[in-house]
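Sharing a structure here in structure tokens format.
In this document, chain identifiers A, B and C correspond to the written order of the chains, with residue numbering beginning at 1 in each.
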Amino acid sequence: MRPDEELLMSEWALSGRAASDPTKAEAGVTPIPNGGVSSVSAANSDTWSDIGKIGLASVPPKRSDNEGETRLQRRDMRPGLVIASLILAVLMAAAIAPNRLADGDPLEGNARQAFRAPSFAHPLGTDENGRDVWTRLVYGARPSLVLGFAATVFAVVLGAAIGLFSGLSHPLVDNFVMRVADVLMAFPEYLVALVVITYCGHGTLNEIAALATASVPRFARMVRAQTQIIRRAPYVEAATALGLRGSTVIIRHVLANAIRPVLVLATIDVGLKIGAGASLSFLGFGAPPPSPEWGLMLSVGRDFLANAWWLTAFPAVAIILTVLSVTTVGRELVRRSEGRGL
Amino acid sequence: MSAILAGTEQPVVEVQNLRVRFGHTGPLVVKGISVALNRGECLALIGESGSGKSVTLRTLIGLTGYGSKVEADRLRFDGNDLNRFTENKWREIRGARIGFVLQDALGSLDPLRTVGREIDEPLRLHLSLTKNQRATRIIELLESVGVPEPAVRARQYPHQLSGGLRQRALLASAIACAPELVILDEPTTALDTIVQAQVLHLLESLRNGKTSMLIVSHDFGVVARLADRVAVMQEGLIVEQGAAETVFQDPQHPYTRSLLAAASSVHRLGIEASSGTSIFAFETPPSQRTRAGQSSVKLGSDRKTTPFTNRDGNYLIEANNLTKSFTGVDAKKRTVVSDVSFSLSQGSTLGIAGESGSGKTTLARMVLGLERPDSGLLKVEGRAWDSLSANGRRQERRRIQPVFQDPLSSFDPRFTVEKVLGEALGVSGYPSGVRRRNRAIELLELVRLDRTFLGRRPIELSGGQRQRIAIARALAPEPEVIVCDEPISSLDVSVQAQILDLLSDLKTRFRVAGIFISHDLGVIRRMSDQVLIMKDGLVVESGDVGAVFECPQHEYTRRLLDAVPRIEKRSDFVYA
Amino acid sequence: MMLWRRIFLRIGAGIGALWGAATLTFIAINLTGGDTALAILGGPDALPTEQVLHRVRSEYGLDKPLVEQYARYLWQLVQGDLGESYTLRITVIKAIGQQLAATTQLSLCGTALALAVSIPCAVLTAKRKAWIVSLASGLELVLSSTPSFVLGTLLLLVFSFQLHILPATGTEEWQSLVLPALTLGLPVSALLGQVLRRELDDILEQPFIVMARARGMSDAGVRLGRALGHAMIPLVTMSGFLFASFVGLAVVVETLFARQGVGRLLVDATTNKDVPLVLGITLLCAAIYVSVSLVVDLLYLIIDPRVRAS
């Protein structure tokens, strides 16, 4: 995964060039020979047939120029993307106004209603304390999303700051910072998160801090690699040749272009962070039991696997759908920004 | 045409109404073409990128590509109906009866396998030879394509061979089973001039009367030397085909004519440029051209008020013994430019010619102040770059403006054309707002584009348009010198000619001095007054362009000049 | 000879990375700001007596200058001493050693499963009809988006509690290894499958593959004989990262299936704030990552002619 990211970053910088190189797009496009209005499609001749053709979060998209433009048109209305966006919209709604989607209290139980299987009154059943599972799931959306976004934002902000500082510093400083990041990246992110929790203790805030800290070196490296590439880009040299101030060139051209692709990639990280956060809650490092956290619900439901399947199945589905839709939308963003400079 | 009629025997390849598309509803990339190739004949498909020539070629070997849909009324190879071929049938003739050579020799050889194993593959698949016999055959084949020390080379990996040797090895693998038909896709495009000439010579020698050849190229020089017949393709259609001489001497279709005119004006040596008007004619309506003319007058008058600093007889740029070396990853020091001196006076153009790796680009970057020489002195208008403070140097930069090879990567991907030009104008003190915007429109008109381009992003434009924007940006700060580093080598032939015409037009109009870098001697000849011929970081010859090109003194210059493929070499017809 | 020089340089870099990792761990131990001895004992909540604190200080050499502590720490590491677990009252090395076999067994099964699923799947589906590619990549996307504790719970629910085919817990018979191995291997196989197919998609378009076909090679020959070899390169490059992340995955899998192992040890250590044990396991993972990457790089130097030359 990590080598891929490096690859991605370098591809990113070159993507515009590759996508528009007329010799590479021979079959897919029909440029007008006299240098007239040539095709935008040349830039878009990278095609992905479907949701997952680019792999995991960090897999750089590949173009195959021989494929036609039909898929290109189809890609804007892929059903997978539409469903993912809808799910995301519902999640947002649940996070903002959970009381609109579910009436009742996620914490208040009714012992006589315990372990009710899914029915008309309780579409997703009730838990061991007689609380409505649907209500608890709806109220669990906010902590999940907040955790995913907050952890990603912290990681990106810190990582970008370090990456930019390193990439623009003297090579000696840069080398030192990157060696430290290299060493940090030798530690698996999940384990770094556990180390942070060991030091800081349990709880939602510490969970966020743990997940964010763990991916800071990764983002730092990405931003730094991007900075290095863009510093040498012909457009930066052209700006230098115009006689612009060094600081102006860096702010106007280097910074914005170095961070942009990383931001887009980070959207995919949000999904992964939601999953990782749920894992930590599942292990008991998150908020304490009564709170409606999905990971925690799964963890508790595990004790009743034999007699109440709905206590685990529905939170599981909720987590999968959330991660899946955030990832899908994130990838679409990556796809769209690819080669177009956003 | 007569060749087809004269042939009594069946043609090797017969194609009628071939249509190729990608995807079920994709547009046709080949829109119904018909060609025939007789035994022992060489047919060339000529066209610019996107014309569908490579797709046609690949269809003949059944490798059109993933997701392609091929339809044809008739598609035959030696009487066999290729439309009905199964994959197994294809495999029997691929490599055995049809040899195939792709453009990029480095990419076409498996980097993890030795060259010998690659050549061995068709032998192993199609012939029943023992291992020893195959080994002997590999050596023979490498020898026959002129690879020195074939036994050693066969055990080497592609990256250990030079470009020319790789192309030869690839050719050896294609002709290993003595196929009746050899298909070549841009066989010399990736090569340096001298190597290109050698490979062309080899291809000529392979034409023994029995082997038929189908060759795709955008380079008229290559085609002129090899082809018996020529088919010109444009946007998936063959617009003209016939005997090579006929097509070259008496082109019927306007597209063929424009291509020939463009190619000759770009690449021909010793002959003055074609008249630019005919090429611009189909690009800009005359009304806009007059407006462009008017705005240029204004730039001209601006220029007069700027005091020239040439008054003390100083040169605009003077370089003395510039040397630059880089330290590679392996801690080895490589001298890229060594001891180069030249001078550039106002309004003149210096051409820098040489093959890849000769240090041309590094030299240009030093002139632009993007790279500092290790030793030597670079003076701009009599003042050394080095003597200026960082701030002072920054303020001098606008006098020397670059135009890079790859126009797209020289624009910030987020910027629109207006912002690109606006930034450049801001540097020369244009206040933002209406004046800057109007000036940007004037600049666009100078490079023969209109105001509708202001809101567009470089990625939405064609290569030629991007390069025009790049030139407009270079002109914006009203520089004294424009440094063009291979400004046309990423463009199509007909666009190349337009950009060159534009550049020389601007040069004469504004008396801007230029440094023009190219590997293409024809382009250098056309664009420059003085020339430096570089090889391995050294200047081997320099002087007046006419003098250098007409009576070259240095052995290397002579070899470079001889290697340029020329249309007139084959027969000395004259262009209309 | 150049090759030897580069091998030595690479080994030197590997050792440097290990030293860096050890240094970071040392900093982590001393980073707690307050009393390190207190942190080692589990923070202020542990309420240790003054005697215990004193004993810990002299035991860990905390009364000595920092540089000396650092040197002592490194020296202990070289000797394979990672300190003593506070909760278990045995050395960290011993604690890990007791659990390592179970985790190794699980990881190997997971790896085998991941490779057995991902390689055939990628080879069969790369550059095929759109619906085949969609199906395969859709499955991979779902699998790789599913956190392993969710996957494991669902597997348990279906196979142990609904169908009653496989046992939910235990470490004895082979059946008990099936679900943990699936939980560990499936997400990894999805990840590998994505990487492999992307590589294959790219490689199958390469000119040298087109040339191999143009010489009459069969599709199966091209896919297996030529493309797969190239596609394995990124897979091998990722192996250091994968091996190291198995411990992270084991944390969840071992907890879920109530198995013994390093992962379980780590969860307990984290819960009990057993700093030496947590850092010891983390350092072990870093060491695995660094050494596997080192081996992979050295293999490249020997196998790949391009790397050898560059």
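Following the convention adopted for this analysis, contacts are C-beta pairs under 8 Å (C-beta built on N, C-alpha and C of every residue); 3 or more make two chains touch, one makes a residue touch a chain.
Quantities reported herein were computed from a predicted structural model and do not represent experimental measurements.
Q: Average the CA atoms of each chain to get its centre, and name the chain whose centre is farthest from that of chain C.
A: B
Q: What chain lies closest to the overall centre, CA atoms only?
A: Central by C-alpha mean position: chain A.
Q: Would you say B-C or A-B is joined by more C-beta pairs in contact?
A: Between the chain pairs A-B and B-C, A-B carries more contacts.
Q: If you average the CA atoms of chain A and of chain C, how far apart do the two points sit, in angstrom?
A: Centres of chain A and chain C (C-alpha means) sit 22 Å apart.
Q: Could you tell me the distance, in whole angstrom, between the mean C-alpha positions of chain A and chain B?
A: Centre separation, chain A to chain B: 42 Å.
Q: Quick one: chain B and chain C, Cα centre-to-centre, how many Å?
A: Computed from C-alpha means, the inter-chain centre distance equals 49 Å.
Q: Residues of chain A that touch two or more other chains: which are they?
A: 64, 66, 71 - these are the residues of chain A that touch more than one other chain.
Q: Quick one: which residues in chain B touch 2 or more of the other chains?
A: Chain B, residues with two or more chain partners: 66.
Q: Touching two or more other chains, which residues of chain C qualify?
A: Those would be 205.
Q: Which bits of chain C are touching chain A when the two form their complex?
A: Chain C reaches chain A through residues 16-17, 20-21, 23-24, 28, 31-32, 39, 43, 130, 133-134, 137-138, 140-142, 144-150, 153-154, 156-157, 160-162, 168, 191, 193-195, 197-198, 201-202, 205, 234, 237-238, 241, 244-245, 247-249, 251-252, 255-256, 266-267, 269-271, 273-275, 278-279, 281-282, 285-286, 289-290.
Q: In the complex of these two chains, what residues of chain B are touching chain A?
A: Going through chain B, the ones touching chain A are 21-27, 29, 48-50, 52, 54-55, 64-68, 234-236, 255, 258, 282-283, 368-370, 394-398, 400-402, 404, 406, 408-414, 423-424, 427, 457, 459-465, 470, 473, 477, 490-492, 494-495, 498.
Q: Please name which positions on chain C make contact with chain B in the complex.
A: Going through chain C, the ones touching chain B are 2, 127, 204-208, 210-219, 226, 229-230, 304-306, 309-310.
Q: Quick check on the complex: what are the chain B residues that touch chain C?
A: For this pair, the touching residues of chain B are 58, 61, 63, 66, 87, 91-96, 98-100, 102-104, 107-112, 118, 121-122, 125-126, 157, 159-160, 170, 173-174, 329-330.
Q: In their shared complex, at which residues does chain A touch chain C?
A: Contact set of chain A toward chain C: 1-4, 49-56, 59, 62, 64, 66, 71, 80, 179-180, 182-184, 186-192, 194-195, 197-199, 201, 271, 275-276, 278-279, 282-285, 295, 298, 301-302, 305-306, 309, 312-313, 316, 319-320, 323-324, 327-328.
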